[in-house]
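Okay, so subunit A shows up in both of these, paired with subunit B first and subunit C after.
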Partner chain A sequence: MKDKKYITCDITVIGAGFAGMVAAARASALGLKTVQTGNSSHLYFASGLFDFLGVYPLHSRTVLQDPLTGLSLLQKEMPGHPYSKTSLEAILKSFDFLTRFLQSAGLNYIKPEKGNRSVLTSAGTFKPTCMIPETISKSRLLKNDTNLLLVDFKGLKGFCARQIADILKKNYPNILTLSVEVPGKNGDLNPTHLATLFEDSSFLKELATQISPFLDKVELMGIPAVCGVNKSLEALTRLEKMTGLDIFEIPMMPPSIPGLRLKNAFEKKLAKNKVHFLSQAKIKPPRFNGSEFVLDVMNQNMETQIRSRGGILATGRFPGGGLHAQRGRIQETVFNLPVYQPDERSLWHHLDFFEKQGHLINTAGVETDSVFRPVDTHGAIIYENLYAIGTILAHNDWVRLKSGSGVSALSAFTAVNDFYKKSTTGH
Partner chain B sequence: MNFKNQHPVKTPFLVATGDDIVETDVLIIGGGVTGTGIARDLTLRGLNVILIEKSDLNAGASGGNHGLLHSGARYVCSDPEAAVECSTESEILKKNVGHCIEETGGLFVAVKGDKENYIADFPDMCKKYGIPSEKIDPKEAREMEPSLSDETIAVYKVNDASINPFKLSIENINDAVSRGACYLSHTRIEAFKIENKAIVYARVRNQISGKTHKIKAKTYVNATGAWAGSIAAMAGIHINMVFSKGSLLVTSKRITKRAINRLRKPTDGDILVPGGVVSILGTTSVRIKSPDNIYPTVKEVDYIISEGEKMIPELKTCRYIRAYAGVRPLVSMGKDNDRDVSRGFTLLDHEKDQVNNLITITGGKLSTYRLMAEKTSDIVCKKHQVSVECRTKMIPLPSTHSGEWSEPGVLVNDPFKPDTLEDPFLCECEMVPASAINTVIDSIKKNGGKPDLSSIALRTRIGKGPCQGAFCSMRILSHLYARGEIMDQTGINDLKYFLNERWKGEQSLLWGQALVQSSLKEMIHCGLFGLELVKK
Partner chain C sequence: MFQITLYTSLILSTAGLLFQVYRFQKKGASGVPKLKLSLNLKLVLFNTIFQSKLFRASKTRWAVHFLVLSGFSYLVFFHALDELTAFNLFQYYQPTLDPFQFLRNFAGFLVLAGCIGFLFRRSFNTRIKPDNKLKYKGIFSIILILLVIGSGFMLETVKIISEPAFLEMVEDYSDLDEGTDLDHLKIYWEKNYHVVFKETLLITEDALEQGRRLNNDYCLDCHSKINSAFVSKAFATHLGKPANFLNHYRADNWLYPIHYLLSFLMLISLPFSRFFHMLLIPFASAQHKVTNKHFQKEAVFIHPATFAACTNCGICSEVCSVYPNFLITGNKQILPHSKIESARKMIFTGHLNPEALNQLQLGNDECTMCNNCTNICPSGIDLQGLWKTLPKTLHKMGYPDNYTFVKDKALQDWGNKELEKDRAAGTYGLTQNLTGRVYSFENCVQCTICTNVCPVVAYSGNDNDMTPQQIMNLLRLGKKQTAAETRMVWNCLTCYLCQEHCPSEIKVADIIIELRNISNQTAERLKIMTTADKANTL
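Right, the complex of A and B next:
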């Protein structure tokens, strides 16, 4: 056994998904000495689109043109929802912070001037969302009479240009399709590899040549969201210059390249901000020594003890491992915090997968006070300096409400701000 | 594949318009193991047949069972007649449909607390009815099957086996089609026209196109299992059907080499049958009012596990990937407990009910499907004055390629098939490559069906692995569009239907890792694609 290493810092973030990343970003931007543990590869499952509030009430099954109309109703009807703990101003501020942070890491997001925006997906459906990577944003140019070219790549599973065109053709009759063979490629074609090829100018030239017969027939082009990894906007712009077309990316099923871009952008900027990141670490049950938060972690056979003044729990739900379901009960895995949940398993899921109200299990989670500190069933704060943020929060069926990124950004931002305020004013 | 049409007269039916009448010798209603078995039997005796099925192959009890080929030992105390039938039939099937069977062997296992007198009587009863059984020392049994409980007190070895009912029906109908039979999926009976104590024709409707046709046959065979009563009712005949629902669970890996039965009076949660790379645990027996829209409940799932874990403790903690339910079609004899109603079959010549050319075959078991087909075909042949003997006892069922992909893990252990650009794995959990999907698509189209996610899933392992269709559904849908098999917006509904069918089998056992997978599925299909918002 090697020697144990000790780190002292201001705040410890447990979790490296979207919410954990925003928390580390905010903490480091405020100058807090920050340590983060977790597995950032879960961001491969992030679409890269930032939702605010897409559907409310759920039974309407209707997309909100403007999230604000749904928000005021939600705040009235769902007092336990994370959005009901705070003001619209705080939500908008957290989004502003997030976009500025990512921009400084070289990843541009566009906010629509008003309301939600619909983004074309690889299923041929439109997803309501709020903030969009710039490489996807030109999907707004798609009108019913647009002459659109959709391109797919042979061997890229689950993305078929003809599928999108066939599904859309009733309302968008002028869609042409092209299936491109990736030159010199044998074996499985995975999205990450294809995305890397987009940063190679000879690949882009070859691609532009294959597109050239369509140039006088179309004005807009859609491609799978694999246009480059770290230089996506540059790659897209170069292809636009070569073809003279406006181009947008179409998000597809995981592994998600826009999610990978987020991961890389966060990691790059957080490293610059001197966030100490312990990757893929196994954590032991943490404890509070008075106001000191102590966490022992193991990674690469090295044991590290982190001592800080506060903890942020951003471990996600079932896929992230923050919640674990046994045959009868749902547990929070790090602190064994109380979990709001349905009374029995037969209530967890509805018989219809697409049930409009969603499944009750997706409202389970950790309940908190207004600054996202976990509370017990009586509403009492459990630890003075422990915060829970992101999808682990109760009363937020984020998949159905289309509220995932918004709640994550808001809770991360609010929690870190509160901790910062307390630590600077000495409360 | 070889779809020789020796009597290529029936296929124009598919393009027939409104009033066209198609003629055949025999119209078989119901595409389960019995119906497809009858189709093969009759074509082997030289008759022309059309088989119609309201959804697709094995949609009822034929697709909702253990896949256990009974040695007969299970019924030896409760229903000796059925036990003997099972014993004889399973030996015939092992000889003639061996490619659908894995000769796993079976064990009957008693644990501490099980009834001593049942254990004591069992070997004598087996002996009395000629069912081979051999006493095994519990310690030796636990070496043969290490997952058996350490509270095992008595073990007998029997000749149980596992049989793939999907492959069986696919191969039976393929063989019948090769002799000129016509299989029409998604075709439902709407009415019988009856005159002078006989059915003149049946009016049928294609569920997909909505078109109706008339089929005129000399004889009509009602092989609709749990729906036999409602078909007979269309001819004005009452059959007193009892519906007994049985739920089953599929584990994510194979737990035992052999089929394991509890050595006690047949009841719930007492059989574990290996099926390729998985094991199937069941069942329950719950009286229900209607055979439609059945699914396993959380309560049943928990009960089956709590019973199963007494024989095999690992069943308490292992991962389950799916649950499903089937309906046993039983004809009531006035008994209270459905397990006391004979599992033997019911064969009714409705001549006695004043409909001379209608025959109903229902009840029975997967293990005796061939015998049921034989006895039914005997009556048909008698009516047609055909004196050819049944040949399915002698002639092995040919193996075609299209049934192969329904077998669990058919490629999982093949290290030679790589994931390539030319032939990628569209289902990575079960390693089903595009080439296999294409074979299945071609075979569906040759039989006049429509290739979609559900019809492909019926004939392959897609969607049956740990991801339960989260990834392969979209990949195969894209593949269908790329091939031009779908050319409009209906693929979205197809996808939603497929995911929902998978879901019915998942929703009762979502905890642990299975819940992680289902959460990811919802993230992709609702979170990103917003399928819950797509209105029909």
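Right, the complex of A and C next:
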């Protein structure tokens, strides 16, 4: 039995990925009546690290020590990039807002005073990033001569302490490894289930006992990022107290627990802010009633009609379903917006997979004005109150530039602010 | 003749009884309680004499049943056995004297009414209807009762109208000879006792008065007014012309052996027909109910004699919690009154074919052990105890529940050729056919989010052979049957967390449910095939 429901709101956020979450967070914080649709499970793929700008220019192939040096160059060279549409101040403001918002949801992020931070990953590499969860932050203590203990868990896939130590041994010779056997489990171990175990004190005690032989040999310890789901910092601190070591988490393959923490924090706080969330909702082609959007949304067992003054498109790229690649061209799936893209399919990918400049298909996306309203090929605004944010934006090869979270947070923050300003000044 | 047939039937009846006891003991060798169950005396007493459980179950059924039981008991004790009972108890007893004459008629009438009520219920009860085989089970006993009672009334009727009998009585009990006195008595008897005489008699006031006096002298000590035999009198007065014919051929003489032979037939059939429930219900009521404690000690408690007490009344099915399941699946073996009949057949005759056994297992699987049937069973049978022990018996016969079957089965059995034929013929009618269409699972990126949110995986860990995302991978590899055989598809709680969380929006839970259906159907077919093979090789 299908039951139709009607909702009227100020703004509809289409998408529940990182950008959609920030937009909903900002909108609800400004007191706008917000409806959000989408599938928040994609946050399981998020590392939990917020990048600003890790690499620029692309062909330099070096990590930026300070994103600001890259940013000024990028703004000069790539006028279409989302960062070029706004100022450094706005970017920092959006990070600020995000930190405060997540803190109020119980998730602590640390922003370095200056420059990028290098974070050890489960591949044994270092990733340049900007904001990091507090549970990961102690990786800064890792110096070349540090006595480090790397711990992994038998049965947990995608994380091997010995492998990481082997990769790092040239520059970090003093690494010891330990493979912990989780009591009662002798097969595959899933990150979520292991993370839940960390919130159980008897498991922490068992863990501390297994670590105890190493206590006088090391001063720092790295564990996979599975230290608790809801009270991660608390669990980490307890373990630190038990062992007397400084401990940091190492982000790993999806499903990522820092990503899950992010998802939980957003969902918890957005629910508190009375954001109406329609999970796994499918949107029928929208209609327009004057200046109003009319969205018919299908859920598993319910049809909902949303009427809102503003719309925020945060549907992501190909995996999220925001863009769809047909044989010859790329389409935007909800509003059928014009998509900036290479002229023909043969130009989508470079013949060399590791081409320094990246592949052209990764720059495809929706082009916008300075407040992220989609524009057509002539630069004219398509809908007055429709904004496109996040990875769907054109000229934004976020994987290579290591700028995903920054672009998403900035565009979401700017778009919602603009809509808020317009609606309060009566435009 | 009477003596010979009486003793023959008594011997036959006793032999039959002993045979049944032997059979119960033999079949019930495994079923004899290893734990001593105490006697439930109160229930035996109340349920046997007053049918207290039936009274609680249905007032009308109790009324109908009580009509038959009370009427028939009276007839057995004060009519059939009158030489042992009534003649000794009452000095003046004569079957033709009131109140005995009236009571006999009344009792017969009660039994007749009860039997008709019984037939009426059997014909129009909707809950028994689905199983037409059981609808008229035990009808033999009812017809036999009707014949015995009917023949009894007919015998009384033809005795009333019999002229030869009248003349014989006159000869035996009076000194009247042929003459006017006899005519007067005849006139009086024709008028008041409905004897039918060949010649027509002239009725006068005077003759009647004379006849009345003679009647007082010779007959009244043993013959009450015929009005009290209200059933037979009604027959006699409406008989009309055939009366002379019956008198001529001495119907009173040959109906008598028919009546007692039918009664003896009833005696002989006692251990083999529905009449047996009279002895088995007290036995069943005496058994204490099987509790979980008993089960922990792994003793089987249901004595075959207890569930032979079933009268197919169908009241259990009227209260069955899973009756709606029957409406959906159409499997009669969901209904307790059909199930117990199959169980009885299975234990005593062993003539259940693989299909029927499979149906019985499936039906019994649906039982929620709500205990409604046991609580209401008028025969006092511990039905739930039977449903609990039945799976064990079925398991031994090669019909475990499907989950156990799938778990125990080797993978190569799954590739049975005949099964392949079934599959090709599209025996599996699946509505969505998600597992048959690539697009329903091809988008899986093996991210393991489904596995991470799955409470079954979280709880059982390694006891679960495959995780949801591994099942999706099996499907992508084209290993649908292997996927269907995993424990995961059976352990799934259908909480839909996987489906809710899947970033690729794959209908993980729906697919798992569909796989379970496939597994279920395969298990059923395979069970029937393997047991049929076994039967063939034997």
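By our rule, the second predicted complex is superposed on the first by the 421 of 427 C-alpha atoms of A that agree within 3 Å, B and C clash if a C-alpha of one lies under 4 Å from a C-alpha of the other, contacts with A are read in each partner's own complex, and residues count from 1 in each chain.
What we mean here is this: a contact is a pair of C-beta atoms (placed from the backbone, for glycine too) under 8 Å apart; a residue touches a chain by one contact, two chains touch by 3 or more.
All of these numbers come straight from a predicted model, not from anything done at the bench.
Contact with subunit C, but none with subunit B, is seen for A:279 once the two complexes are overlaid on the shared chain. After overlaying the two complexes on the shared chain, residue contacts for A:191 are found with subunit C alone; subunit B is out of touch.
In the superposition on chain A, A:400 makes contact with subunit B only, not with subunit C. Contact with subunit C, but none with subunit B, is seen for A:44 once the two complexes are overlaid on the shared chain.
Counting the residues of subunit A that each partner touches, subunit B and subunit C differ, and the larger count belongs to B. Legend: residue contacts after superposition of the two complexes on their common chain; A:68 is shown touching neither subunit B nor subunit C.
Using the contact criterion defined above for the overlaid structures, shared-chain residue A:360 touches neither subunit B nor subunit C, since it reaches no partner.
When both complexes are overlaid on chain A, the residue A:254 reaches subunit B and subunit C alike. Contacts of A:160 after superposition: subunit B is touched, whereas subunit C is not reached.
Common to the subunit B and subunit C contact sets on subunit A are residues 45, 185-188, 254, 319. Within the complex formed with subunit C, the residues of subunit A that make contact are 39, 41-42, 44-45, 184-188, 190-193, 196, 254-255, 279-280, 319. Within the complex, the subunit C residues that touch subunit A are 445, 447-449, 451-453, 457-458, 461-462, 467, 500-503, 505.
For subunit A in complex with subunit B, the residues that touch the partner chain are 45, 47, 55, 61-63, 121-128, 152, 154-155, 157-160, 162-163, 166-170, 179, 185-189, 251, 253-254, 317-319, 324-328, 344-346, 348-356, 359, 361-362, 398-400, 402, 404. Interface residues of subunit B, counted against subunit A in their complex, comprise 295, 297-299, 302, 418-421, 424, 426, 471, 474-475, 477-479, 481-482, 484, 486-489, 491-492, 495-496, 499-500, 503-504, 507, 510-512, 515-516, 519-520, 522-524, 526-535.
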